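Lettered A, B, C and D in written order, each chain numbered from 1.
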Amino acid sequence: MRRKTASAAAAGAVLALVLSACGGGGGTPQEPGAKGADAVKQEFNAGLTKVFNPSTKKGGTLKYAHSGNWDSLDPGDTYYGYSFNFGRYYWRTLTTYKPVPGPEGNQVVPDLAEALGVPGDEGKTWTYKLKSGLKFEDGTPITSKDVAYAVARSFDKEVFAHGPSYLNELLDWPKDYKGAIKDKDADIKSAIETPDDQTIVFKLKKPFASFDYIVQMPMTAPVPQAKDTGAKYQEHVISSGPYMFETNEIDKRFTLVRNPNWDPATDPNRPALPDKIEVQLQVNADDLDNRLIAGDIHVDIPGTGMQPAALGKVLPDPALKGRTDNPTIPRLWFISVIPDVAPLNDVHCRRAVQYAADKVSNQTAYGGEFSGGEIATNVMPPGISGQEKFDPYPSAGFKGDVAKAKEELAACGKPDGFETIMSFRADRPREKALAEAMEQSLAKVGIKLTLKGFPASDYFSNYAGNPEYVKKNGIGLAAHGWGSDWPDGYGFLQAIIDSRTIRDAGNYNLSVKNTDVDKLVDQASAELDQTAREKLWVDADKKVMEDASILPVLWAKSLLMRGQGVTNQFYNEGQSMYDYSMLGVQ
Amino acid sequence: MLTYVIRRLIGAVAMLVVVSMVTFAIFFVVPQLAGATPEAFASRYVGRAATPETVQLIAERLGFNDPVVVQYARFAKGIVVGAEYDYGTGVEHCPVPCLGYSFLNQQPVWPDLLDRMPVTFSLALGAAIIWLIAGVSTGVVSALRRGSFFDRLAMGTALAGVSLPIFFTGMVTLVVFSYGLNLTAPGGSWTDFGENPGEWAYNLILPWITLAFLFAATYARLTRAGMLETMGEDYIRTARAKGLREREVVVKHGLRAALTPILTLFGLDFGLLIGGAVLTESTYSLPGLGKYAIDAIANNDLPKVMGVTLLTACFVVLASLIVDLLYAVVDPRVRLS
Amino acid sequence: MSFLELKDLRVHFPTDDGLVRSVDGLSFSLERGKTLGIVGESGSGKSVTSLGILGLHKGGPAKISGEIWLDGEELVSATPEHVRQLRGKKMAMIFQDPLSAMHPFYTVGAQIIEAYRVHHDVSKSVARKHAINMLGRVGIPEPSRRVDDYPHHFSGGMRQRAMIAMALSCDPELLIADEPTTALDVTVQAQILDLMRDLQSEFDSALIIITHDLGVVAELADDILVMYGGKCIEYGNAEDIFYRPEHPYTWGLLGSMPRLDREASERLLPIKGSPPSLINVPSGCSFHPRCPYAERTEGKSVSQVPELTETDGGHLVRCHLPRAERRSLWENDVKPMMETT
Amino acid sequence: MTAPLDVSGSATEAQPESVLAGSGKVIEGRSLSRIAWTRLKRDKVAMGGGITVIFLILVAVFSSVIVSAFGHPPLEFHPDQIDSATLSPKGTFGGVSWDFLFGVEPVNGRDIFSRIVAGAWISLLIGFLATLVSVVIGTVMGVVAGYFGGWVDNVIGRIMDVFLAFPLLVFAIALAGVIPDEGFGLSGNGLRIALLVFIIGFFSWPYIGRIIRGQTLSLREREFVDASRSLGARHTYIIFREILPNLMAPILVYATLLIPTNILFEAALSFLGVGINPPTPTWGGMLSEAVRFYTLPHFVLFPGLAIFITVLAFNLFGDGLRDAFDPRAR
């Protein structure tokens, strides 16, 4: 049984196409190919609100490239947005983002499950029922046990260190549980139950409202226990999606081909257009842009936008600019204003920093309006459901308010300013430029910054995210960035504003240590009513801004280029990049 | 001869041990002096938003809780007798020389190195051929026409060559020849020789020439100096007094002797280069050992850094051994003992 | 015309520091079967002269003028290629330090074979037989085995013999030996000198021996030429030079000659000072700064270059002192001092 | 092949024997250095290099004066010069104008001229100090090895071998990357400079060390040292009074030739992102940023040329100096 909301969503143009692709009638199939290319007008932001170059034509090879590496191809061991997006070629999860352009793309729809989760016990249990006819690539049927096993194995962070640990924390696991690999026969009924092969019940420690968002993450992608090879599973993941691995050279390249045992009838979300998918890894970033422009490759996997060198080439050229989309993504670039370090322990000194910052100069430093983003005035980015925009520290033209900053400095007892240190990730040129811009604008009010770069790989473990180091070395400001795992308040805010998450090292909340904020976080996470919940998150946002411990810089935007000859391309808000599972080639 | 080789090999092993210890120390002892804890090490290799428990587990699994000496011994043991790698659902035997598994993506290091070697080797080989031919011939002509216009032009160019940082020339050549004129392959292009020799050469021609220019400059200057020195030797006068033709005097008597010290330098240069041309590979984004080393350092992936460092040291040691053996063949005065 | 005749030979080298006049107007002649000794300190121009005769300055920076006649052919104006063909065949040279003069990377045999095959179109094996034969003739034991040795395997004396074998391999008519025994110890010196004398008479070649040591030429030379600062300052037959020397510089050389009845390090008549700069040649007589008798010339030695004048039949001297005074100085001052010690 | 794997330098072109041989040919009355100076003065190319070197040193020393006279503060942003969409300079050829002599940097519009001038200070400072470090270590090790010989020589020789077998650049990067930001009573750029000086100096001493060892070895066998020794002179006396003074010429020559190598080394480290902390400008650092903006030729060209001209000038001068002490090799 499909829930009403899900089938109602099928009104979108895409879904119509999908249905027709799946063999269902209805809709007029568009003729792809040469005519399609002419029929579609290349236009800036053409892929933001509607499907660009729609087509149902199957076949061809879709070519992807990546300037770096996956953390892991294993669904239980990966934590990159592009990996969640791309992985849907070879895995299916209980739910997934609705494959449509526009705000609706933030909604989750069932994937393996017949319907969205049914909460019980006021949000403490979540029950999903699997569709029938689901099969792995080797033809064995997919049961709820395989999903349960996948979740239980991903518990083992010794083997799967990279993946998110939401389910480790949310579910009520037995004491001293070590994961399905080490504790093969442990009883985990307290956390997951599979009363039959179609049903899976998750049992939480405390109520949690956004659980449907959690289970769209690949921890719920089924893994057949018999084929699990632990840390080596990423070398050949057993596919539950429309494609499966043909070759896989870790860190170099891999190819996917059609999975004969995937039944389109069970999967309204994926049209599975190309016959083959090729992925090249570790391609030089500038070269990647050039090849994307030239049409040698179709998609830049990370979906974080083009390199600065390409901006200079693309933006002034109307033809090239017309091939780009420039979405705002649910990511905030910001500066942590750390209250552990005197004189920033005084809220007035923190507010002085808020007022003194020249947001325009910060924006330019961070890549400008197209590849950097929109000037941010509060914590939550626009893409988050229920977000409100407000500016508690306004200034003319966002250029900073020197007078107000000086007032705050006086209130803080430092009328002539003070000295502090700003940290940034040395291997991120934009953060470096941001730090330099801050140094310039704060100097105008007498706040002298010393800049320190640290390796990105150790930034949170050893330096900025290590409270002891921060205190000992007097780091007052830290460049930071945060993207949401799913587009609601919890997904975005919890990790960076809840002071109780702060531990000895590896923190992402560097500066928000406010009990009022913590209280709001607790209230909001337990609130099952969406509107009330969203309101509470906005309150939390306001509280943080009042506390002035986060200096928002930009709501990130990325300049994405549509591939030459790619069909069905659009920006999906849930994935915050193009929806990869929809793409086809002419 | 055989005892000499054996003795040298023992020395080489000792040297590799020292090199590996120093590498290990740089990565473990230095940060520890700066106050890094086992968890701090481990937190580099977990995903974002990892819990303290995850960090603890990884610290334990990667052995960061053990004393550095124990960690080093484990690493060394892997090379000599191999190691067992527990991938969760089973155990894999990592055969000798087991350089360990990447902390980051759990891939064994040794196959990675084998994979990267052809790239660096191709780069070094092509460049070496070009720079030897260009450098030595320029040096010889310069020496013979000392003070001429050619000499001054060649030596001026050579000096400019040694004064240019390769990351600058690399960038300029890429922008001009690849992105501008579209004559050569863009950065990051690599094709295996076995796959398509033509494309292999096409992709490498720019790095070859840039790298060769740098070295050719050095070699031209050295050859010229060497030729000037040998051409002033008594035996050259003897050769002339015998009535030999000038060409024979230059090639058979002069160049033969002048090339011997160049052979030594070439051995060392080539050895270092096949261990990874860090800057060239970074500039042209070639997936060779040098790029591998830089990436590994950036990711703090110690097993990879250890592997590539040891491999480079091996190449250098091996190259110097080969050079010494060759030297004994070329120069009969040299006795290996 | 003699077999070898030099007329006003000048070899000058332009350098950054000025023109180096290594050989500045040298003339002499030499017949087949005769031996000429050229004596002088290092830097006096004797070696440059010998290289000049062989044409080894051609193509270099040196400026050469004057005439060199060898067996009726003028060599200064001849093409380099023509002189090259004569070199090693018609005229050959034995060098000072055989260790550095032989190529360290080739066997002794190979170097002799090479010398022979440049001028003789024969197979390698024929040339090799010839080389072995030559090595035997210069007194190297087991030549067929030693032929494959490298120079550094040989002792000093052996090397010099090999060097001689190489020089003689094409039966040269003119043989120039540049300090042939300097690098050797005394007993070997004598053997080498004997060998050269024997070989010369066997080949009937003209021989030039270049040395700083009068002792070497005493036994061998028919005529002796004393060079100083690129010029000949005294020329005569061996008797003249040893028993009736007329130039103060020659006296100095005789005084510094090691003799069996004298301690080697002892020098009776040391020549004070060092050889003259060949760039800023002293005015007048180039020897005057070092000459103990310079003030007796009433200043002429500083202002005028003395001419080479004949005193007796064939005995030439370049000195401002009047002939009588020279003779009396030799007989009364110098000679007694040498003998009493 | 000096030090950084593919950063080639000139120190390998050592012909120590010839320099020493030069020092042996002292003509009475004129000291070797006097003769060398006379020769050097005549060598126009070397003098050109020397004058350029002096000019660069002056630029470095008076960088702040020059910047205030001809440019804008090196850290000052000029967003008005930048197109906010493409982040590139608005003006033609990177915004080169009378106001901005070398144009401006993309993104922030900083004055490239000022940054090049200010960068000269860092480059030369590190180049000189690092050379000083390697000369001191190299001379001590070389003299000790050469003079005492035997097992001492063996041990030091082995150490040098180990250094030569190291992939130095990799080590330097690793070391520069893991060293904390505070320590040894220093912090910030003071520590960073000290660290770079140490790393560069420490990794290039074996080249000087080998040369000095060779020289000492042959000096030890010379008559005047023999004479001193037979008169019962102490080792320290012989080393400081007899050996070291005679090593001055080669030390001077190879130090001069090592400076450009070290400047290149510093540039390479900055290029790879382990140099001085921003926003302090360095040439290598500017180049590494220019990689991301390779479409802007001025941004690549000016820092690249600055490195090239500096290194070339030192090389020309060093070459001339070597030739002056030993004209045979010219």
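Quick notes on this structure:
Criterion: contacts are C-beta pairs under 8 Å (C-beta built on N, C-alpha and C of every residue); 3 or more make two chains touch, one makes a residue touch a chain.
What you see is a predicted model, and the numbers here were worked out from it, not measured in a lab.
Note: the chain lying farthest from subunit A is C, by mean C-alpha position. Distance from each chain's C-alpha mean to the overall C-alpha mean is smallest for B.
More C-beta pairs touch across one of A-D and A-B than the other; that pair is A-B. If you average the CA atoms of subunit A and of subunit D, the two centres end up 47 Å from each other. Centroids built from CA atoms put subunit B at 40 Å from subunit A. The geometric centre of subunit A is 93 Å away from that of subunit C, both derived from CA atoms.
For the pair subunit B and subunit C, the distance between C-alpha centroids works out to 54 Å. Each of residues 177, 291, 294-295 in subunit D touches at least two other chains. With touch defined as above, residues shared between interfaces to two or more other chains in subunit A number as follows: 286, 427, 455. In subunit C, no residue reaches two or more other chains under the touch definition. Taken in their complex, subunit B has these residues touching subunit C: 233-235, 237-246, 253, 256-257, 330-333.
By the touch criterion given at the top, residues 75-77, 79, 82, 84-88, 106-108, 177, 181-182, 188, 273, 277-279, 289, 291-296 of subunit D touch subunit A in their complex. Against subunit B, in their complex, subunit A makes its touches with residues 69, 71-72, 77-79, 156-159, 161-165, 168-169, 181-182, 228-232, 234, 250-252, 282-284, 286-287, 290-291, 427, 455, 457-458, 460-462, 466, 469, 495, 503-506, 508. Taken in their complex, subunit B has these residues touching subunit A: 31, 35-37, 39-40, 43-55, 57-58, 60-61, 87-90, 92, 104-107, 112, 115, 179, 186-189, 285, 287, 298-300.
Across the complex, subunit B is touched by residues 1, 4-10, 12-13, 15, 18, 158, 161-162, 164-167, 169-171, 173-175, 177-180, 183, 260, 264, 267-268, 271-272, 284, 287-288, 290-291, 294-295, 297, 300-301, 304, 307-308, 311-312, 315-316, 319, 328-330 of subunit D.
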